[in-house]
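Have a look at these structures, which come just after this line.
Below are two complexes that have subunit A in common, paired first with subunit B and then with subunit C.
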Partner chain A sequence: MFSLIGYYSLVFGLLFSFLIVLLSIKNFRDKNILNDKIISLTFFQLFFVIMSFLGLIASFINSDFSNETVFNHSHTTKPLFYKISGTWGNHEGSLLLWLLVLTLFIFIFLLRSKDQTKQYRILTLLFQQIIIIGFFIFIIKTSNPFNYIFPVPKEGLGLNPILQDPALAIHPPILYLGYVGSSIIFSSTLAATSLGYISREWAKHIKKWVLVSWIFLTFGILLGSIWAYYELGWGGFWFWDPVENVSLMPWLALTTLFHCILVLEKRLILTSWVIILSISTFALSMCGTFLVRSGILNSVHTFANDPERGLFILIFLFCLIFLALFIFFFFHRVQNKDTNSFFWLSKETSILINNWFMMYFLSVVLIGTVYPIFLEVLSSEKISVGPPFYNKLIIPFLIPFLFAMAIGPKLKWIKSNLENKLFLIIFFIISLFLSISITRNLNSSFLINTVLIASAFYLFLITLRDFVINKFKNLSQTIAHFGFSLLILSILLNNIFSTEIITNLKIGETFRSEKFNINFEKIEQQNKQNFRSITGKFNIKNSNGTSEVLNPELRIYNQPNIVTSEADIKMNMFTDKFMTMNLVQNQEHFNIRYQVKPFMIWIWISVMLISFGGIITFFKKKYEK
Partner chain B sequence: MKNKFFSASIIIIFIFIFFIFYKGLENSNIYTPKTNVKKNVPFFEAKLFDSSNKIKSEDIFNKNNFYLFNVWASWCIPCKDEHPFLMKLSENKNIELIGLNYKDSILNAKNFLKKYNNPYKTIIQDIDGTIGIEWGAYGVPETFIINNDKIIKRIIGPINETSFLEIKEIIK
Partner chain C sequence: MYGRKVKLRFFFVILTLLTLFLTVFLILKSLEKNVVYFQSPSEIKALSEIKKNKIRVGGMVKINSISMKTKEINFIITDFENEINVIYSGVVPNLFTEGKGVVAEGYLKDKNFFLATKILAKHDENYMPPEVKAALQEK
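And then the complex of A and B:
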C-alpha cells in the first residue's frame, strides 16, 4: 500500500521535472520576471519526492516485507529507530534521500534567490533539473526502492548490525546534505558562467551555499569518524579507507573553493579557480557515489555491488563533467587582466599558496584512491594503498601549510607589510621550545615530529593571540583556524603517545605490565531485543595508584547472525582508555585490545570548532576584513 | 591555439578516465567468489573424529550422491543456530552430511554433539585449520554442497531459512 504510494509519487515527481523544464525554457525566452508557476511546480515536485520517501519509511516501520528493499534490510525485531534509519541505510533508500535533498535544495534556492536575475535563476534550475532527472531515471530504472515480492516473506533479512548505531543512523543524511549541497553550487556556477555573471555579487550570493554544504560535510565526516572509532573497534578514527577518502576529497575541494570565493568577493580574481573547484566538488561527490555504489572499490564499506548501476552513474557523471567542461571552455572569458596581478605579500597570495597545497593534498588522496583501479585495469595487478602512503606524502607538506595558515590571515588584501615581526619570531621560538620539550624523549623521527609539532603550535599560539587582540573581529576565521591547529596537534600527540596492548585473557586472569595491570573479573550475559550481549568486567590498576573499570561488550545479533564488538571507552579531557574484547577460537579465552590514547576528545572538539567557525560565518551579516 | 590544445587534452584525459572506470566495472564484485563454485572437491587426507584412523577425500565423496560439507566448531556461536537445520537435513536420504571440526578441542566438540545431537555421518578433524584452507573456507560456519565431485553451492555463514529451502530444492 505505502509502497504503491511511494512508487507513483516517484513517477509523478519525474513528470513534474519535465513540466518544469518545459515551462522554464518558455519563461527564459519571453518574460522578464520568473513565472511563479515554476516555483509552485518545484514545490509539487518536492512534495511528491517527500511522499515517496515517507512511503518508504512507512513500509519500513510496518515491516512490509512485500517490499523488496524492506525485506532485504529490515526485521520485525529491530528497534523502531533503526527501522526508520534502515530507510537510508541501503542503496535504494539512500538514493531516494539524495533525490529528496536535491529537490529540497533547489526549492530553497528558488525562494532565497529573489534578488538575482531571472535568467540566472532559471538556468540554475535547469541545470539542477538535469541532475534531478538523471537521478529519477536512475532510481526508477535500476534501483527502485518499491519492488514488489510475491509470495510475501514472513520475516526480513535484517540490517547489518554494525550499522545499528545512533551516530551512523544520522551520518548518511548529514553527509548527503553536504554532498548534494554541492549540486546547487555546481548548477549555479554553470548558470553564472554561461551568462558571464561570475561577479562579486554572485560570490556573495553563492557563499552561503558553499558554507552550508561545507558545514554539513564537516559534520558528516566527523560523525562517520566517531562511529569508526567506537564501533569498528580498531581504536583509530581515520583509516584512509577509499570510502572515507571519497568524503574527504569533496571536503578538500570545498574548503579551497570557500577561500577562493572570499577572494573573488573581495577582488574579482581567481574566477577560473572558483569555476573549476565548483565543478570538481560536485564531480567528486558524484564520483564518490559511483565508487561506493558500483563495487569497483575494494573496501570494507562496499555494500551492494551491481555493475549495471555503476555503469549508469558512470555515464551520467561523465555527461555532467563534459557538459561542465564545455560550458567552461566556451563561455568563460577571463576579464580585465590587470586585476589578475598578485603582490607576493598579500592575503590573496597566501590564499593562493594554500590553495595549491590543498590541491596537492587532494591529488594525493585522489591518486591513492583511484590508482589501484587504474593499475588493475591496465596491468591486472592488485595493490592496496594504505596509511603509510598518505602519511609520507601529506605530513611533510603540512609544515609549510601550517605556517602559511598562521601568517596569511595577518596580511592585508592587495599589498601589505608584515607587522609585528617581533611577535611572529618570538612565537616561533616559543613553539619550537614547546615542541622540543614534548618530543625530546622520542627515539625515532625526532626531527620531523619536532618541526611538525612546532608548526602546529605556532598556528595555535598565533590564533590564540588573535582571540585576545582582535576580540570579535574575524572571529569565525580565527575559530576555524584555531580548530585546525588543535586538530593537527591532537592527531600528532595522539599518534606519538598512544599505547596498545593486545592479549588473550581468561576470566580471572590478570595481565601485568610496567604501567598497568588488567584484571579480567567476570562476564555477564543478557538478552536484548535483537541481540544477545556478553559484557566483560575488567579492572585496570595503573602504576600511579588509580584504577578503572572497563566493560567492553560483544553483541551477537540474531538476524543476520553476526557478532559485533562494542568498545568501552572511558573518556576524559586528556586520555581515552579504550577496550574491546573478541571471541577467540578456544572458548575460554577472550582477545583483549586495550589502548591508552591521549587527546582523543580534542580531535572531535577541534573538528567541531572548525565547523563552528563556518556556522558563525553563515549567520554573520557582513563579511569583515 | 594554446587554449584549444589545453581543452582538447583535458577532454582526452577525461575520456581516458571514463574508459578505465568502465573497464574497472567489469572486474568488480571482489567479494563474491564465483570461481569456487563448480570446482572439484579438493583432495585431502584427514583424521577421523572418533578414532585415530585416517581417511582420504575420495573415500568420503565416492558416491554419485549429494554431500553437505559443513565447517563447524563448538566455540562458534552461529553454529548453534544452524544446527536445527542440519538436524533436519540429516533425516533426508538424498544427502549425506560431512562435518569438518575446525580448530576445536575434541572434548568440547563431543560435548557439543552430545548436547545438540549429531547430524553428521562422518566427522573429520582439522586441528590446525589446513583443510579449511584447502577448501578456501572463509570462516565458521560455512557449508558446501557437493554433487559428482563438484562443489555446486557454498553458503558463507550459518544456514538460515532461505538457504535451507534452497538446499532442499537442490537435492529434491
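And then the complex of A and C:
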C-alpha cells in the first residue's frame, strides 16, 4: 500500500521534471520575470519525492515485507529507530535520499535567489533538472526501492548490526547534504559561465552554498569517523580506507573552492580555477557515489554488487563532465583586466600556494584510491595501498602548508609586506621550544615530529593571538584555522603517545606489564530486544596506583546472526581508555585489546571547531544584512 | 623578439609542467614501495623465492584449525588445494570464524608459515573478500 504510493509519487516526480524543463525553456525565451508557476512546479516535485520517501519509511515502520528493499534490510524485532534509519541504510533508499536532497536544494535555491537575474536562475534550474532526471531514471530503472515480492515473506533479513548505531543513523543524511550541495554549486557555475556572469556578485551569492555543503560534509565525515572509532573496534579514527578517501576528496576540493571564491569575490581573478574546482567537486561527489555503490570498493557501504548500476552512474557522470567542459571551453571568457597581476607577497598568492598544496593532497588520495582499481582491470593483479603511502606523501608537505596557513591571513590583498616580523620570529622560537620539550624523549623519527609539532604549534599560537588582539574581526577564519592546528596537534600527540596491549585471556586470568595489570574478572550475559549481550568486567591497575574498571561488550544479533564488539571507552579531557573484547568460536580465550589514547577527544572537538568557523560566517552574513 | 610577458608565461608553463611531472613521479615511486600484493595459498606454494615485502593471503579458515594462546593465535588458511599456517598476535575481527573467508596481511616466513600483522575485518556474514572469491573460483 505505502510502497504503491511511494512508487507512483516517484513517477509523478519525474513527470514534473519534464514539465519544469518545458516551462523553463519557454520562460527563458519570452517574459522578463521568472514565472511563478516554475516555483510551484518545483515545489510539487519536491512534494512528490518527499511522499515517495515517506512511503518507504512507512513500509519500513510497518515491516511490509512485500517490499523487496524492506525484506532485504529490515526485521520485525529491530528497534523502531533503526527501522527508520534502515530506510537510508541501503542502496535503494539512500539513492532516494540523494534525490530528495537534490530537489530540496533546488527549491531552496529558487526561493533564496530572488535578487539574481531571471536567466541565471532558470539556467541553474535547468542544469539541476538534468541531474535530477538522471537520478530519477537511475532509481526507477536500476534500483527501484519499491519492488514487489510474492509470496510475501514472513520475516525480513535484517539490517547489518554494525549499522544499528545512532551516529551512523544520521551519518548518511548529513553527508549527503554535503555531497548533493555541491550539485547546486555545479549547476550554478555552469549557468553563470554560459551567461558570462562569473563576477564578484556571483561569488558573493554562491559562497553561501559552498559554505553550507562544506559544513555538512565536514560534520558527515566527523560522524563517520567517530562511529568507526567506537564501533569497528580498531581504536583509530581514520584508516585511509577507499570509502573514507572518497568522502575526503570532495572535502579537499570544496575547501579549496571556498578559498578561491574568496579571492574571486575580492579581486575578480582565478575565475577559470573556480569553475574547474566547482566541476571537479561535483564530479568527485558523483565518483564517490559510483565507487561506493558499484561494488568496486568493498566495505560496509557496499550494498550490492550490480555492474549495471555502476555503469549507469559512470556514463551519466561522463555526460555531465562532458557537458561541463563543453560549456567551460566555449562560453568562458576571461576578463583580462587585472589578471596575472600577482604580487609574490599578498593574501591571494598565499591562498594560491595553499591551493596547490591542497590539490597535491587531493591527487595523492585520488591516485592511492584509484590506482589499485586500474591495476586490477589492466593486469588483474590485486593490490592494496595502505596508510604508509599516504603518511609518507602527505605528512612532510603539511609543514609548509601549516606555515602558509599561519602567515597568509596576516597579509593584505594585492600587495603587502610583512609587518611585525619580530613577533612572527619570536612565536616561531617559542613553538620550536614547546615542540622540543614534548619530543625530546622520542627515539625514532625525532626530527620530522619536532618540525611538524612546531609548525602546528606555530599556527596554534598565531591564531590564538588573533583571538586576543582582533577580537571579532575575521572570527570565523581564525576559529577554523585554530581548529585545524588543534586537529593536527592532537593527531600527532595521539599517534606518538598511544599505548596498546593486545592479548588473549581466559576468565580469571591477569595480564601483567610494566605499566599496568589487566585482570579479567568475569562475564555477564543478558538478553536484549534483538541481540544477546555478553559483558566482560576488567580491572586495570596502573603502576601509579590508580585503577579503573572497563566493561567491553559483545553483541550476538539474532538476524542476521552476527557478532559485534562494543568498545568500552572511558573518556576524559586528556586521555581515552579504550577496550574491546572478542570471542572466537569454540575457544576459551577472549581476544582483548586495551588502548590508552591521549587527546582523542580533542580530535573531535577540533573538527567541530573547524565547521563551527564555517557556521559563524553564515550568521555574520545575516547579521550584516 | 618576443615580449617580456610572453617569455614569463612560457616560463610559468614550463615550471607548472615540471612540478606536475615531479609530483606524479614522486607519487608513483612511493606507490611502488608501499603496495601490498594479494596471493592465495596455491600461489605461495608456486613461488620460486620468498620475498621480504608485505603481502596479503586470503582463503578460508580451515575447520578445527584455530588454536588460541595468551600471546598468539594460530590457524590455517586454505583454498581447498593448498594451505598455509598463520601465526598471529593481534586483534581478531568479529567475523573471524572457522569455515569463513579471511584475509591476513603480513610477511612470509617460508612457504608454510605466514607471520600475520593484521587480520582484516569484514562487515557482513555473507560477504566474501573478492580476492578470496576469485581465488576459490580459479579452482
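Please note the rule applied: the second predicted complex is superposed on the first by the 613 of 625 C-alpha atoms of A that agree within 3 Å, B and C clash if a C-alpha of one lies under 4 Å from a C-alpha of the other, contacts with A are read in each partner's own complex, and residues count from 1 in each chain.
In this text, a contact is a pair of C-beta atoms (placed from the backbone, for glycine too) under 8 Å apart; a residue touches a chain by one contact, two chains touch by 3 or more.
None of these values were measured; they are calculated from a predicted model.
Novice: Sticking to the clash and touch definitions up top, decide whether subunit B and subunit C on subunit A clash or fit.
Specialist: clash
Novice: Of the two partners subunit B and subunit C, which one touches more residues belonging to subunit A?
Specialist: Of subunit B and subunit C, more residues of subunit A lie in contact with C.
Novice: Considering only the touch criterion stated at the top, classify A:Phe322 as touching first (subunit B), second (subunit C), both, or neither.
Specialist: First partner only.
Novice: Quick one: classify A:Leu314 as touching subunit B (first), subunit C (second), both or neither.
Specialist: Touch partner of A:Leu314: subunit B, not subunit C.
Novice: Using the superposition on chain A described above, determine whether A:Val563 touches subunit B (first), subunit C (second), both, or neither.
Specialist: In the superposition, A:Val563 contacts both subunit B and subunit C.
Novice: One more residue to check, A:Ile373. First (subunit B), second (subunit C), both or neither?
Specialist: In the superposed model, A:Ile373 contacts subunit B only, not subunit C.
Novice: Go through the superposed model and pick first if A:Asn582 touches only subunit B, second if only subunit C, both, or neither.
Specialist: The second partner, subunit C, only.
Novice: Superposition on A: which subunit C stretch among 9-17, 27-35, 45-53 or 63-71 collides with subunit B?
Specialist: With the two structures superposed, the offending stretch of subunit C is 63-71.
Novice: So which positions on subunit A get touched by both subunit B and subunit C?
Specialist: Comparing the two interfaces on subunit A, one with subunit B and one with subunit C, the shared residues are 298, 560-561, 563, 584-587.
Novice: Residue numbers of subunit A touching subunit C in their complex, please.
Specialist: On the subunit A side, the touching residues are 160, 162, 232-234, 298-300, 360, 363-364, 367-368, 371-372, 381-386, 388-389, 392-393, 502-505, 509, 511, 560-565, 580, 582, 584-589, 591, 593.
Novice: If you look only at subunit A, which of its residues touch subunit B in the complex?
Specialist: By the definition above, subunit A touches subunit B via 155, 157, 290, 294-296, 298, 302, 305, 307, 310-311, 314, 318, 321-322, 325, 329, 373-374, 376-378, 380, 556, 558, 560-561, 563, 583-587.
Novice: Within the complex, which stretch of subunit B touches subunit A?
Specialist: Result: residues 3, 7, 10-11, 14, 18, 20-32, 73-75, 77-78, 81, 103-105, 108, 157-158, 160-162 of subunit B touch subunit A.
Novice: Help me check something: in the complex, which residues belonging to subunit C touch subunit A?
Specialist: On the subunit C side, the touching residues are 23-24, 26-28, 30-31, 34-38, 56, 66, 68-73, 89-98, 121, 123-127, 129-131, 134.
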